[in-house]
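Chain nomenclature is as follows: A, B and C, assigned in order of appearance, with residue numbering initiated at 1 for each chain independently.
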Amino acid sequence: MATIHIEDVSKNFGTFHALKNIFLSAEDKEFTALLGPSGSGKTTLLRTVAGLEQASSGRISIGAMRVDNLAPKDRHLAMVFQNYAVFPHMTVADNISFGLKTKGALKEYIAEHTQRTAALLHIEDVLHKYPNKLSGGQRQRVSVARALAVQPQVLLMDEPLSNLDALLRLEMRSELKALLKKSETTTLYVTHDQIEAMSMADKIAVMNNGEIMQYGPPEEIYFKPKHEFVARFIGSPPMNLFTVQTLKTVNKKTFAVINNDIAFVIEASLKTKIQENFDACGVLVGIRPEQLSFKGSASHAKTFADASTIQSEVLTIEQLGSNTLLVLKSNEILFRVMEKYGIKIDLNDRVTFGYQPNQLSWFGKDSGMHIEA
Amino acid sequence: MKELNKVMPYLLLAPSVVFLVFFFFSPFVETFFIAFKNAEGGYGLHSFRKMYDDLNFFVALKNTIFLLFAVVPLQLVLAVWMSLTLRKIKKFRGAILYIWTIPLGISDLAAGIIWLSILTERGYLNTIFLNLGFIEKPELWLSYEHPLLLFAAVAIAEIWRSLALVLLIIIAGLQLIPKEYDEAADVFGAGAFRKLFRVTLPLLKPSIQSALILRSILALEVFAVAVAIGGTNLPVLASEAYNWMANYLDYGVASAYALVLLALSIISTLGYLFFLRTPADAA
Amino acid sequence: MRKKAILYYGLGIFFCLSVLLPIYFLIVLSVSGRDAVYAWPKIFYVANLDWSMFRFFFEVEGVTRAMFNSVLVASLTVVFAIGLGTPAAYALARYNFFGKNFYRIAILFTRAFPVAILALPLTVRFINLGIYDTIWAVVIVHTALALPFSILIQSNLFQSVPKELEEAAWLLGCTKLQAFFKIMLPICMPSVAATAIFAFIISWNEVFAAAVLTVKNRTLTAFLISQISESPLFFQITGSFFLVIPTLFFIFIVRKYLFSLWGITNK
């Protein structure tokens, strides 16, 4: 059990910068998800912590020990691979006990501990089988058992569920979460699946182009994206982002005008910051599809007097079971709204949506950075 | 740690590099020196002149090249034919393929002797001919009086022995061709021969190329088969190199012969690379 | 459809017979005695078993030694071809380094060399080194012939093993060397063994270099070819019998690996 400190780690492959000045500190027993699209550097970061890749610069510590110059075997960590990497020429029991044997544990301890770990993952019935006789799900369990058997200080997992079918993945997700909570192992978990990250992790590091765009608890990542990229990447459907055309003050309220139909109220506390950004390089405003609420059909033209609403026409309606996804069109601008099932609405209706001004996210247009008071 | 990882691959390669430099590449370079060395110690074409004046040189050159042309194309045709036949066979496929590849392990010397025992005066072939009424008494075919038959016997032994290599390469290539291509051709009503020439063979071109390159290099080196069957009556380049070396102890001329062999190998390889090249955009 | 199947199987059997009959004749002649070799007309089966040719064969001076030398040379060739080839193959399969492509091409390039071009200058060198006419001279040339094979085949093999298997072993406390011996080698063992058998066959069958590099310390092939103009046919036939039988057995063992061993020529 230990903390992980990653300080200013960079990794170059020739002229390609796979990791750029990464800082990350995971607490003891914490579950951290590295989330990002493919090629974002999340697996490289994990492999660098494991020692399978050498960092070009920076330091990595596990607990109080600096490990970036140690061989993988001396780092006291274990890893679960995307393709499981179960040794095909060994039985399940030999796979699970492999780490204990190389570390020279006592025979009785190995036997007992192997049995216990196998029981934890419900594979005690297949201990004497070879991996080619196992299903994908069982192989996955063997690979987790093998990693946990050595009681590592840190557990690294690289997309461990991505090769399972959808149903099994769901089942394994909750089981894994409970298991890791119980084993109290500090975990770094690479995934490209945001639902997986959201549901399992204590903290999420969202990565893009070799950088950590945001690092924090799931709710913060979701509701308070620090960067335009995070806003676009997280959420399904993702956040609606609008380019602000002008800023206009009416009745002491300042509006960010998108077009004739759409304008968002700016909270007083943000006014100057947004004005500065707008003058410098433009501003984006974002709101999540489920944060827009249906206020009824609109017959009259929009006036700036009624704050906190926007208008547009319904382009498509998709029934998603408990929810209904609407795609709306206002001039050339498209955006999405998620409503509860049963909303009375028709194609081409002109409708009004309301929002809470404090739920709006503001970003500098060029920098992508979140604008805060 | 970081440094060791950089050096590691070179450490791993070092033994093989040292070995190959010392026992492969440096002898290769040395062959040139030996071949171009004159008796007085200077360098010149002395050995090549001697080789050129050797009565056997043009015979050996002719035999070697003719054998190449007799053996390799026929092997290719047979290999394609056999592998297409195998494609249609479901049961006992593995057993048949195993039998076909047996000669892969048979030494060229043994192959020569085996065919000698079949084709000799009192051999199995003549016994069959006797039973069929073609001949009445043992006939000696493999003598200097029948150079063409001698040549044919060596060619047959060579084809028999090394067909398996071509076959393996062609079958491996055929397995890479998706069955859909075959089916697509069927849908368009292509006849068997049209399909072979328009679909299968063009797709097989890379395999055909590597089979031809490899086989031609080996065919040019033909030695033991020719010696076993033809003795001194069917000289080839390799057997002449052997004679000049083992019997006349003239390394210069032997090396000159070896260089001629090398030149032919390179020419044939470049030829296949050029004539069977795949256009870059079609790859 | 039926007719076609008969045609295909007919062809298949025809080609099988073409391969098998000459070997069958060799075996029949070898065990039928000296008289059968010269008999006219020939009998197509073993009329009465007669081992006299074998006895004669082994009584000829130099034969036992030549056979022993052949086994020794081929075994040592295997040791060197695998011993030198395995690390190099591993480097090719698992590392990216400057000069990798050059090395690979140089190895492929060796295939274009006639043996003659190796054997001749090496004779001169071996005389200077004092190992001319020893089995070591032959072992070295045969290793030079088998090593490129061994490197290319094994590097393909190692590459086909997911690197995560080794990485998992490293993380579970193995050094790189331990991981290689505990994970990589056991997984590849059958194919490495097949490669070894191939190296053995290459050496066992090689004639030219063995004949040029030895005078007294002959291998079986060198012994047979040096005697070929003087020795009687029945002696040559027995010699061929002993050349062919071990390789028949070996080809049978490696039959499953023929494609992975030769598929490489497609690159």
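Some points to look at:
Everything that follows uses one rule, which is that a residue touches a chain if its C-beta (ideal position, glycine included) is under 8 Å from a C-beta of that chain, and two chains touch if they have at least 3 such contacts.
Just so it is clear, the structure is predicted and the values come from calculations on it, not from any experiment.
The most central chain, judged by C-alpha centres against the centre of all protein C-alpha atoms, is C. Distances between chain centres, each the mean of the C-alpha atoms, put A farthest from chain C. Here the spacing of chain A and chain C, counted between their Cα centres, is 57 Å. Rounded to whole angstrom, the centroid-to-centroid distance between chain B and chain C, based on C-alpha atoms, equals 16 Å.
With centres defined as mean CA coordinates, chain B is found 61 Å away from chain A. Those residues of chain A in touch with two or more other chains are numbered 71.
For chain C, the set of residues that touch two or more other chains is empty. Across the complex, chain A is touched by residues 162, 164-165, 167-175, 178, 183, 186-187 of chain C. Of all residues in chain A, those touching chain C in their complex are 50-52, 71-73, 75, 77-79, 81-83, 85, 87-89, 98-99, 102-103, 143, 146, 150. Residues of chain B touching chain C in their complex: 6, 8-13, 15-17, 19-20, 23-25, 27-28, 30-31, 34, 81-82, 85-86, 88-89, 92, 96, 98-110, 113-118, 120, 122-124, 126-127, 130-131, 138, 160, 165, 168-169, 171-173, 175-176, 206-207, 210-211, 214, 217, 220-221, 223-224, 227-228, 231-232, 238, 241-242, 245-246, 251, 254-255, 257-259, 261-262, 265-266, 269.
Interface of chain C with chain B (complex): residues 4-5, 8-9, 11-12, 15-16, 18-20, 22-23, 25-26, 29, 37-42, 44, 80, 83-85, 87-88, 90-91, 95, 97, 100, 103, 106-107, 110-118, 120-125, 140-141, 143-144, 147-148, 151, 201, 204-205, 207-208, 211-212, 221, 224-226, 228-229, 233, 236-237, 239-240, 243-244, 247-248, 250-252, 255, 258-259, 262-263, 265-267.
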